[in-house]
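After this come two complexes, each holding chain A, first together with chain B and then together with chain C.
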Partner chain A sequence: MWLYLRYVFGRFAIFIITIFIAITIVFIVPRFVPGDPLFAVTSKLAEMGGSRGSPELVEEYRKLFGLDQPVLTQYLYYLKELSKGNLGYSIANFPATVTELLMRSLPWTIGLLSVATVISWLIGTFIGAISGWGGKESKISKVLVPLALGLYTIPYYILAIILIFLFVYVWGIFPISGGYTPGFPIKFSLPFVLDVIKHSILPALSIILISLGWWFLSMRSMIVLLQGEDYILLAQAKGLSDRRILWRYAFRNALLPQVSGLAISLAHIVGGAIILEKIFAYPGVGWLLYNSITELDFPTIQGGVLVVIIALTAANFILDLIYPLIDPRIKYKRG
Partner chain B sequence: MKRGFVGILMGNRKFIIGFIIFIVILMGGIIAHQTIPFRYSRTGAFPPGLPPGVKNILGTDSLGRGIDVQLAEAVVNSVQIGLIAALIGTLVGAVIGFTSGYYGGIIDAILRVLMDVFLSIPSLLFLILIASLMRGVTVRGMALIIALFAWAPPARQIRAQVLSLKERAFVDMAKLSGMSEMEIITSELVPHMFQWMSANFVNATLAAILAESGLSILGLGPQNEMTLGMMIYWALSYAAVFRGMWWWWGSTVFTLTSIFISLYLLHLGFDEVINPRIRSKI
Partner chain C sequence: MTERKPILRVKDLKVYYHTDRGSVRAVDGVSFTMHEGESFGIVGESGCGKSTMAMALLGLVVSPGTIEGGQIFLDGTDIFTLDRELIRKIRWSQISFIPQGAMNSLNPVMRIGSQIADVITTHQGYQPEKILRKRIQKLLSTVGLPHRVYRMYPHELSGGMKQRVCIAMAIVLEPEVIIADEPTSALDVVVQRVVMQTLVDVQERLGAALILIGHDMGLQAQVVNRQAVMYAGKIAEIGEVKTMYKNPLHPYTKLLIESLPTLQLRHDFQGIPGLPPSLLNPPKGCAFSNRCPYVMEHCREAMPKLVEIQPNHFVACHLHSEVIK
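On to the complex of A and B.
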């Protein structure tokens, strides 16, 4: 127990330091760019003809960043506003705040990635188990292993382009892009849900196919390694059916690392598939970030990057805490 | 019996295939870059949207620029970004990991926290932040930005290596025979770590090219130079996929994928040679 507490403390320290460094980098980087940190904001406002409440906005920024103060004071001020959840206003979508924009896009990203990740995990784990049980020389292994290695190498956005070409350009089965048909009333109704599903099939398919390679290979190698274990030999000696040994004995024991892997993937979905969302114009966090980049909406870029980093770090921290409880084989001592 | 590290690598099939694919693409890129006149890559050099033909082997894009000449420049630049970022990342990582593992104590504690932090932050997001603030990056600038986040994985691996090497008998032997610390490092430890560093280098090159294409597809790449990521960016911007201009996006996607597969094969080859037990796994 003492060891566990020590471990928790160590992990917590890393967690705090990481977030601190992330906040500091997000604070400092814009100040390294030559000129006024507000330059981008003001030039963007001038571009828009100074309309849409710009003096108010600039005033808000002077206040938020405390630009007449020394840098250290500015930094403390930034931390204070941040702790209140104030990420400032979006420039491109004024008067919406960055927090509002993020809240609007997060459900899309989380919804798409969690469903795609779980589907991919289920398929990969089961096929991997069957293929691994069949051994190195079985026919399915000979076909599937190189295929999985190939899929594992390709970035998902390249597969996305190929899928768009096939399913949209050649066969015309799926809509080109977006999360739903524009103008469709956004409410929880059956036609809307079906529309959303139809738009999410291609982005989901890119994620499913690419991560399938990894789930397949890791489950397969686990089952292959288990084959020589004593309890498997004993089960075989007892005359149990092959199928029973695979699913009741080998599969169960090989599952733990797979479940940890799934937990890691699910914890990381907030980071999303930024580039994938750009390619499909899918209205999640990635699309928000991409639009903010093209519109030079720095508050949104900063806020979005920061929130995702904090969420990922927090997820990592929670996983680190749960790990030793699930898998006693993990030792507390590091390095 | 005595076959050197390079000799064993040359006998590894995956390594050789990966090496050949990589060299063919790179040399093809360099030669085409040197021989095809640069003016062919200017807007309006040819009629726009030509499919592959005799004069333009890979066709032209929506602005009448030759795809072949763009692709050649893109291969050279993307590989350059990969190699520069990987070289800096691996060297800096090696120095940090080495210092951390060899000296231990308080230096190790501080560097280890730094490594943990850099390993747990999602680098793509920081790259997006930095690249979006530096309007108009160049190819070299892009390589440097990516290198900022490339040192942590090699640093941790080198540290673990040094920790295990330090305890081995030959290091004690060297100490007893009166070698200075510097001599032990250069003549005993570095040769052992060289294998790991070269494997890391291949990995880091792959990661850097991946990061480059990702950033460029988001519109953060070098605007005035061509990279593989920028080619995909332009092809997507001009809706090449929906207009059936397969020669534009297809040749880029094919080249990029081939580079990834070749580097991955190189990586697998290194793994099998350094870590013979892995061979039985797949």
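On to the complex of A and C.
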């Protein structure tokens, strides 16, 4: 127990340091990237018919965003505001803050991607285990392996387009895009929830189908690999039933890398699925980031990247905490 | 002692591995009989087919291996005629196994207790945890392990302890036959001796027949009464250990005994010159002919048969077959 606490503490320290480094990098990088963010703002204002990017306006923005200060001052200011959860104003959607924008889009992304990822993981892991256990010659493997390889190699946007074509244009079952029907009152009511689910099915399906191939193949190959292990052979010699050997011996060992895979995938979720959300005009983080990138909206990009990095680091930290529970071999060594 | 009831009879067993380069004749026409409670050794250089034979006795020949012929009678039943379910029931309850690599033979994510309990519940049905634990802890004590091992994971045990766990596991159902495949070859010399002693003790207490597989004739001789010398998938010589030491018939056995380190000449250990032949497309004649100091022309032409030269002493060598065909 004491050992575990020490281990947790060590991992936590690493977690904090990583985040701090990430924050700093996120601060530095945009300042070396070519392209003047204010130019983007002024040209946008010009598009909307405002005064043609007068130097005064640029100067005003420069002050507002603190860009006229020395870099170190900017950095300290940035840290101070960050600690208050303030990620600054969005340039592209000016009066809105980055935090607001992220808060608005995160639930969409997390809701869609986490459900889709977990469903895909569960199906892929279980079918992969059964197919791997049956061996190369089994009927399900002969059908599923080429299928999974096919799915795994299709880019998901192509699959998304195929799905849209079939379900929207040919059969007309699902709406083409969006997170909900425009004009629908956004509140927690059954019709609204159903509407949201209806909108999420196609994007979810494309994620599930694509990642399913991967989960299936990785679990399958793990099980096939483990079949040659001495402890599987001994379990067979013990006269255990095939089912018991699969689930208690092979599956439990094959699960370890699979769980890490799931944790990493879940952590990647917060970044959204940029292309997918773009195709479905889904109001999540991916879409937000896509728009911020095309509009050089640095504060929003920074905020988005930061959230992604924090989520990834946090997922690693959580994984470090639970891994010893599923794999007794993990020694609580330092580092 | 020789008049005991036969418990295991192997007749002309052939197990081949089918590889891209051809068939590997890992076990090629092996026959022997074992009696109740007997300790029987199988010795031979690495790669001569010992482990493959052990697996065949458990009905566990897996791809790319296949049984090409022969029969195995366990307590009178030919196990190759049984269906999968019945073979599964026989495994461990009648014939159990102590693996060569105890290091990797235990499931790393399962406690020792559960791994032993699995055997009991599979073969004897459900039992409450409390009873299982008592029984398993008692079993662990008989092989010299403390009770707490019940709750431990394999990685928390030393190599010797893991091997003891495997011994405990092998006797839990009190089988008639125990196969131990080089049970101590992965351990250091001191531990080796202690673990071997444990094995012999439990075997004697149980009255089970023991097949001890090994490559070290010296170690074998201390434990078994009768042994088979295997060479390239075949049996070269079978007999009482004492007789064989005094009067080895096969040149290979002779060389094996001569190459044993003696107390005086500890550092003088030398293997037998030459390499065992490939088991892929073996030569027409005697497999040992290319290394045999007494080789005759005839040896390269015809395969010698295993014949009984003296009572209970068999050899497959042309030097000893009176009638050369």
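Operating definition for what follows: the second predicted complex is superposed on the first by the 222 of 335 C-alpha atoms of A that agree within 3 Å, B and C clash if a C-alpha of one lies under 4 Å from a C-alpha of the other, contacts with A are read in each partner's own complex, and residues count from 1 in each chain.
As a working rule, a residue touches a chain if its C-beta (ideal position, glycine included) is under 8 Å from a C-beta of that chain, and two chains touch if they have at least 3 such contacts.
Remember, it's a predicted structure, so these values are computed and weren't measured experimentally.
Asker: Given the touch rule stated above, what does A:L289 touch, chain B (first), chain C (second), both, or neither?
Answerer: It touches chain B, and chain C stays clear.
Asker: Quick check on the superposed pair: does A:L5 touch chain B, chain C, both, or neither? Answer first, second, both or neither.
Answerer: After superposition on chain A, A:L5 lies in contact with neither partner.
Asker: Mind working out whether A:A237 is in touch with chain B, chain C, both or neither, as first, second, both or neither?
Answerer: After superposing on A, A:A237 lies in contact with chain C but is clear of chain B.
Asker: Name the contact category of A:L217: first (chain B only), second (chain C only), both, or neither.
Answerer: first
Asker: Check whether chain B or chain C contacts more residues of chain A in the superposed model.
Answerer: Touching more of chain A: B.
Asker: Quick check for you: in the superposed arrangement, does A:I17 touch first (chain B), second (chain C), both or neither?
Answerer: first
Asker: Touching chain C in the complex: which residues of chain A?
Answerer: Going by the criterion above, the answer is residues 229-231, 233-241, 244, 248-249, 252-253, 256, 326-329.
Asker: What residues on chain C touch chain A, complex-wise?
Answerer: Listed in rising order, the residues are 58, 60, 88-93, 96-97, 99, 101, 103-110, 118-119, 122-123, 153, 155, 166, 169.
Asker: Can you tell me which positions in chain B touch chain A when the two form their complex?
Answerer: 112-113, 116-117, 120-122, 124-126, 128-130, 132-134, 159-160, 163, 210, 213-214, 217-220, 232, 236, 241-242, 244, 246, 249, 253, 256-257, 260-261, 264, 281-282
Asker: If we count contacts the way the header does, which residues on chain A are in touch with chain B in the complex?
Answerer: Contacts found on chain A: 13-14, 17-18, 21-22, 25-26, 29-30, 32-33, 145, 149-150, 153-155, 157-158, 161-162, 164-165, 168-169, 176, 217, 221, 224-225, 271, 274-275, 278-279, 289-290, 293-294, 296, 298, 301-302, 305, 308-309, 312-313, 316, 335.
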